[in-house]
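Across the two complexes that follow, chain A remains constant while its partner is chain B and subsequently chain C.
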Partner chain A sequence: MSDARDTSPLVLIGCQRSAGAALARLADEGRALPSHVRWQSVPCGGTIDELMILEAFESGAERVMVVSCAAGACNSVVGDERARRRTAATRELLEAIGIEGWRLRYETMAPNMGADLLRWVDAFVAPVEESVGEA
Partner chain B sequence: MSDPRLIEPRVMVVGQGEDALRAVALAEAGGCAVVRVPHAGANGDGGASGARIEGVDGCVGGFSVRLAGADETRVGVGAIVVALGNRRMPAGVAPPKGSHVPVMTPVAWAEKVRRDLREEYRVAWARRRVVVLLDHPSDTPKETSAEALRAVQDVIALAHPEIYVYYRNLQVDTHQLERLTRETREAGVVYCRYDQIELAFSKDGVTVTTEESQRLGDLLVVPEAIESPAETGDLAARTGIRVGADGFLQDVNMRHVGAGQTVRRGIYVAGRCHLDADAETQAADVDRVMGRVIALLEGGAVPLPEQYAEVTSEECIRCLTCIRTCPHGAIELRTSEEVTAAHVVPEACWGCGMCVANCPVRAITLVPAAELVEQEAV
Partner chain C sequence: MIVAERKPIAEILANLRQASSVAVVGCDTCVAVCMAGGTKEVAVLSAALRLAARQEGREQLITEACVERQCEVEFNEPLAELVAEHDVILSMACGVGVQTLAEQYPSAVVYPALNTKFMGRPEELGTWSERCLGCGNCVLDKFGGVCPITRCSKNLLNGPCGGSQDGICEVDPSIPCAWQLVYDRLVAIGQLERLWQVEPPKDWTTSRDGGPRKVVREDIVP
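What follows is the complex of A and B.
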């Protein structure tokens, strides 16, 4: 469904150990993120805070995707959990000021999930009226 | 506290089993001085004997270990290797009273066949129907699975009973386990996979019922269960390393840093206390960890990580949030030039930035790669 593709600015904030490693692997295969996606690498999901996400929106992003390592796989033990909770808290902040919650999304991944990452980015569009929004 | 940049050329090996002995031998062969701490019976098993770890200060290259039950109460070491091993528990299958069906461990079974191996018994063994029961009531660890299959192989070489191996989740992900299953299958052993299994003991034998079949056996072989040592939790709390959901010690994500490294730099776990694998693979794990330890101690200085956190002392409000949050035990309170502030020990830091995100006064930054790498994807 190429006509459904949203090419407005998207910021992808991700842990260098999972999303970063996945992007490096994709680059080896000659694949890359679409040009409307800006990649922001962080050393660990635990570094991501509300301010960082809000700054991404402030910089002009229409959508922000936060990606951390899979549960239990964090090198710093609790980074994925912190990223998940901070993303959820930021979504509440966004909704409080009238920005739709679907514009902020959280995913977990392993370094071998580059293809999934590209798919998520493509599928990151406004929910259709009838369907239930992202939790 | 000794300066962490210079390495104390000694390694502490914690544990007293096969893995610990192997680690000690390797360290000595590699020219490292070794401090041995059994840390036995520190929790639950009663009668603590020998030296135990009370706590670990300092960081990689310059740990200061507080000991109990030893001549010295404080020992300086450059690295710590935890090789507590595991412990074997009786199998979780007990036949009812009055049952004549023998239940034995794989090793005991193979020994009995070997003992019985006189001409007249050979015929008797050939007529036996042996049920080898794996993954009951819970998954059998790879170490004892491999042991069971090796016993099967030994028995086939000696006599030719009918052997049925029941399994639910046998993982043949190591060379040894793959080879053992293949060779025993080729030698005529029948492998039966189950989801549900029922055992009924009668005077004729044990009836094994699964979704697909029912079979009568006259000997039941069940491997011992394996658990983490009772001291695991106590040791983890005293050294600042982690215990996984399975009760065994846990290393950090091994995809990034290789197996054996714990969340606290310079503290390693080796062998059975963190790994479910066959004996061969476990020994190789101890070898690999000791190789890394010897390389570290021979290096003479702890290498700095590519990225680490730094506290601006004047801005620190001493709330201790970072010390509580740091998953790697890399932050301590230090007083320098009459200013008391949190201090990140660079050599122990993983540069994860957890403290940066949590500092309420934003007094911590990541250096030298403070700026986050941003790139426009094409």
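What follows is the complex of A and C.
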């Protein structure tokens, strides 16, 4: 397992009700996202689309993580499913233009999963086999 | 409306790699409704093209624009300066819009970004289905408002065929049998007797078999 941390720009796009709430709880505990992570709050995962993700990459992000509420927990019922499908479609588009699919990641979470979110961000690096190939 | 979908990005890129500037021009009518070529889709494709250029180490100016109806020259007139300033115009309109731009600006290189599919309607969010082939001689009055030319996989005017099972077409289980739909509609509107009429072979000269078509209204032309 690689111990190299990737501190290149990362954009975290997430629902304010889950990821946003989790970040607020972390702040209460004196914890926060690393400085290379830019948080982009949306009112619901269902508002996340191709354009939002592509613009994140255009703005300089090397990696984008999309986070919606857990299945069945979306306040708008289908926001998580829409976020999942749109992230998958955008990953296909990225791969078609030569950007590795691993650079776009999708997760679901609850507001009490702040520690998991920090761990995901920390572990969001190139797959091991690609890292070995590049070495 | 005209329904279209974006071409594979690799096919689009193949036409653009030599260009130093590309204007992506959408159309905010039919192809905006089918989420293929309106303002939003222009922004998405443009972002993808900028990222692709960056990824490949190319310098390429990508400019976004959209008109209300690319199939009418009046709506495209404001594009004159934009067209002159770019190597390639990438049209996100239907085939009609692409050709209108190409005719209107003869020296411009105009490429299509969409595949124009059919005339149809939205069934639900994200699903569009064909309703009209533009055969030039509408028969919807005879079939309860269901077009067997378009919706029957075999274009039968005297159906159904032997492949209709439980209201489903044998060609694809996702296709309802058009003749079941015709029957149900004629029953619903009390016109089932129309099916006693045997339809003669269709005159396809009003369709594409007669060559490119044109409608001229002598009472309107200048």
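One rule holds in what follows: the second predicted complex is superposed on the first by the 126 of 135 C-alpha atoms of A that agree within 3 Å, B and C clash if a C-alpha of one lies under 4 Å from a C-alpha of the other, contacts with A are read in each partner's own complex, and residues count from 1 in each chain.
Just so it is clear, a residue touches a chain if its C-beta (ideal position, glycine included) is under 8 Å from a C-beta of that chain, and two chains touch if they have at least 3 such contacts.
These numbers were taken from a predicted model, which means no experiment stands behind them.
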Side-by-side fit of chain B and chain C on chain A, or clash: fit
Which of chain B and chain C A:V42 touches, first, second, both or neither: first
Chain B versus chain C as contact partner of A:P34, first or second or both or neither: first
First, second, both or neither for A:I97, with chain B first and chain C second: second
Most chain A residues touched (candidates chain B, chain C): B
Touched partner set for A:C69, first chain B, second chain C, both or neither: first
Touched partner set for A:A126, first chain B, second chain C, both or neither: neither
First (chain B), second (chain C), both or neither touched by A:A24: neither
Partner chain in contact with A:A89 - chain B first, chain C second, else both or neither: neither
Shortest CA-CA distance in Å separating chain B from chain C in the superposed model: 5
Residues of chain A at both interfaces, chain B in one complex, chain C in the other: 49
Chain A contact footprint on chain B (complex, rising order): 242, 245, 252-253, 255-257, 263, 307, 327-328, 350-354, 356-357, 366, 372-378
Chain A residues within the chain C interface of the complex: 49-51, 54-55, 57-58, 93-94, 96-99
Residues of chain C defined as touching chain A within the complex: 8-10, 13, 40, 43-44, 47-48, 50-52, 55-56
List of chain A residues in touch with chain B within their complex: 16-17, 23, 32-35, 37-44, 46-49, 52, 69, 72-79, 82, 111
